[in-house]
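Note that chain A is present in both complexes that follow, paired respectively with chain B and with chain C.
Right after this comes the complex of A and B.
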């Protein structure tokens, strides 16, 4: 099965938080947020600005969370989606410390939860965050298709040894 | 092969399995974390007060579990403290009765009774916790709450405790009662109940060795099951208490977000 991931266009994101709300609503995440808008300050005074980066789990090819889990609660599906089994998770937070993107979340129950790539939505539908994004800054799909789309606009894959499954157009 | 020979073969194997499990499922995972963060925190940056607070919160009073409810907290406190104190008394008993010169302590049975009392109280605390866990496991089966249950681990530990009490009961069923034996509590009560049941009292050594093999098997199980949370969960929480580690984490996240290409670092 082809690997799936994200394409995010930083220039299009207005930081409206619709993706965060849609994710929390669809997945009933409660107190934790599986997708978060990160504000990145850029430039040097007086030419400064902020960019918005909508951060889900990047479902890395070499997911450090999976590698660091002492009880094997984290698995990678054949389509590349990284999932956590809450019945196996012991809440040790090793995944939180290993993830370079601060993705794993711990609510009052103490179990790890994170973006599941809307595992309960049919694959042919857009993800909840993608569906509501008013500027189409978020696109999900097969990595090969996303790579072609990103290349057209000068986008590139997010770097790092974990090989995150996300392309970014800056 | 006699049961005793099997016992002496299995014990080192189980202890070895514990250390291999700890290496494979704990230390190698910690290496992934340090590899991902790419930096170590100098000892001078450790916040001792925060560390002590985290230890008190997460290990001593287990406040995070208390937030989930009174029953899960009571169950977990009974099991974790019962197990920990029992383990300490087991080690003490082995050292004082076999390996260390302990004549003054053991003179007049007072020290020996103290050890038996400690073993029995902690064992009974553990037993109550395990029974609550089993009942709760049955009541929550099929619900979302079941994700907090560890039925295989609970049953394993229950077998260890039960065989321990049965072995102790069979032992006291075979020796004449002495003043102060009442302090031995459940072990002595079981002995009194079993006294005179000849077909059962002869099986003491079988139950003792079964208990010893199960207990060391449980140590091996710690390294290869969800029970590894005994070591991993406090570590993860204690990391979180340290400001220097949290700051390093924020830096790692920001660098992670800003990395431009696959393979760069």
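Right after this comes the complex of A and C.
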């Protein structure tokens, strides 16, 4: 089965938070957010720029969270999606320290939860974040397709030893 | 991009839910939505995937499902028995007492003494029919004077169309002045298209004193001096005229006043050099932008509210549409689109023999604003307190909160208190409702039905099907009006067994049926370009009016002119105030939503980093912002992305009356704003304000 991931177009993201809230609603995440929105304004007037980022779980090829979990609560599906089994999770937070991106979230019950790539949705449907994005900055799909799409706009895969399943267009 | 249409059934199955099409009313763009409910609970929402917004939804809409259960919503009709004291009454009591007052006011002062104001207008057509045709007042108005009054009048005057929309996706050059459609004024019909154009190499120029969310995506940000955009636009026109960059065949065939306009800009000397000293934009930049715009095909120049926030905004807004016209960039692919409306019909008709004709002209005409596209609301207190131009004794406020949103807060509060009849129809207990005699709970957009126009490019009608049962005693406006009509002898005309009865009448002229629309959420017609080739323009001359016959007839300048704004900073008040909203809050309706308040709980005033450093202000400090009118304390946001000498306040917070999480959060800044009304359009000059700033 082909591995799936994200294509994120920084140029299209306006940091509007719609993705975070759509995710929270579809997945009934309660008080935690499975997408983290970052807005950074840089420069000195009048040469100003902004980077907006909306960070889900990157469902890495070599997921550090999975490798670090002492109780085997985190697994990776054949389509690449990394999932945590909350019944097995003991809330030790090793995964939080292992993840280079700060993805694992801990709610009131102390168990880890995070973006599931809308695991319950069939592959041909958009993810909840993807379908509401007003500028269509988020695209999910098979890694080979995303690589082709990213290359068209000079995008590339996010680097690092974890090998995140995410391409970025600047 | 994944195909989203046809995915509804899968999502329904996954959540054991049922989808009903809806319309979002958190902001006035009224995007079509899909609401997924399971046993009376909203489990998911997204944009309508098949209608023009293609599934898109903004954060406000996504978070809005909390409205459905918000304990702080209005639940029962109430009547005021003292300051901050209300008693619960029944609907029957409310209708009886309001009807009695309406009858008394009509007998004493005439029906024109009653006015109906809406901000967002779900189903207010029922109120319009009842009040203007049965009761006999001509005073049915919206909120436009606090919004895009100047732009609206400019578009009407120049192009004969009240609300151009935009084919951004196909444009090669887009210049936006005083409009932040990716941020504060999120337009989901157009945001995807704008960024698709930029991805495809289109040039995007954003002119704004602040580095807005739209400016972030632009190829060029022009940090213009506030309130001087008219000078920039006139200078661009000067270049286009002098260098003959206009589309002459188009202008000769389709515009009125072409020669006069060309002579006028040259004679006035509206050169780039002249504009440079006013705007702070270099003359050769202005020249380059004019040439770029004129040679790029297709192209769009557009504005919304920003220019109209100043006293000189009307003519500046006219220039926006005049420039689009000079280069023939009208109603074609990649242009602004003069959309056709869906052929919807009224939900019911009042027979002639049951109508009451008003004896007095509408308020805006009597006030001396015959061309105002909506009531100059800043002049309403005078009508209430002094009876000028004629007495206003009764007001309905449907989902509108002028005690918070108008300048001169103290005066507005006093005026509402002086009314003989005041009725608030709302989902929340607003500041205005707190001053009203009757407060009626309105059903939210999760619990009511509606059919209306959408703001997509083709003619499109969208439908809202009630997704949830009624919330306590809250009722939709059509039921509220029905109750009033019944008490006043018009009940037989406002009769239906289900909303579907009038729903079918509304869509009677569409080639579809209600059952289909209840499933899909919309009907869409064909997008036609260049419609003017068949039907001309809806102006007095049938052409685009570079020179306005309507203005001339009313004693105004037929040709647009540049004038300075009214309030200029000085030694005592060295900063120009400008204002905008947050992306995640809208007007005054979202500040009790815990999701949105978690993202952004408090408003702030933005200051340039070098101004802040000079004043010893750091990001997050409390500062005092003082105008000659008043002073407020607010949080400072220090950033590089704002022109020095400018303070930008994000408005919409600072509530006293609300229970829940909105109470006391943030700062209400309107007390520092004075009254400033455009003499032709009646629009409010919110940015006509000079301030000084100090750390507290």
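We take it that the second predicted complex is superposed on the first by the 162 of 170 C-alpha atoms of A that agree within 3 Å, B and C clash if a C-alpha of one lies under 4 Å from a C-alpha of the other, contacts with A are read in each partner's own complex, and residues count from 1 in each chain.
One rule holds in what follows: contacts are C-beta pairs under 8 Å (C-beta built on N, C-alpha and C of every residue); 3 or more make two chains touch, one makes a residue touch a chain.
Keep in mind the model is a prediction, meaning the values are calculated, not measured.
After overlaying the two complexes on the shared chain, residue contacts for A:32 are found with neither chain B nor chain C. When the two complexes are overlaid on their common chain A, residue A:41 makes contact with chain C while staying clear of chain B.
Looking at the shared chain after the overlay, A:121 reaches chain C, while chain B stays out of its contact range. Touch criterion met: A:140 reaches chain C, while chain B stays clear of it. Touch criterion met: A:12 reaches chain C, while chain B stays clear of it.
When the two structures are aligned on the shared chain, A:68 is found in touch with chain B, with no touch to chain C.
By the touch criterion defined above, A:158 lies against chain B but remains apart from chain C after alignment on the C-alpha atoms of chain A.
On chain A, the patch touched by chain B and the patch touched by chain C do not overlap at any residue.
Interface residues of chain A, counted against chain B in their complex, comprise 38, 40, 53, 55, 64, 67-71, 86-94, 96-102, 108-111, 156-163. Chain C contributes residues 1-2, 4, 7, 10-11, 14, 43-47, 49, 55-59, 61-63, 65, 182-183, 186, 188, 191-192, 195-196, 198-199, 211, 213, 216-217, 221, 223, 583-584, 595, 599, 608-610, 639-644 to its touches with chain A in the complex. Within the complex formed with chain A, the residues of chain B that make contact are 25-26, 29-30, 32-33, 36-37, 64-65, 67-68, 146-148, 225-226, 228-229, 232-233, 235-237, 239-240, 245, 249-250, 252-253, 255-265.
Per the touch definition, chain A reaches chain C in the complex via residues 9, 11-12, 14-18, 20-22, 24-26, 28, 41-46, 48-50, 52, 120-122, 124-126, 128, 130-137, 139-141, 153.
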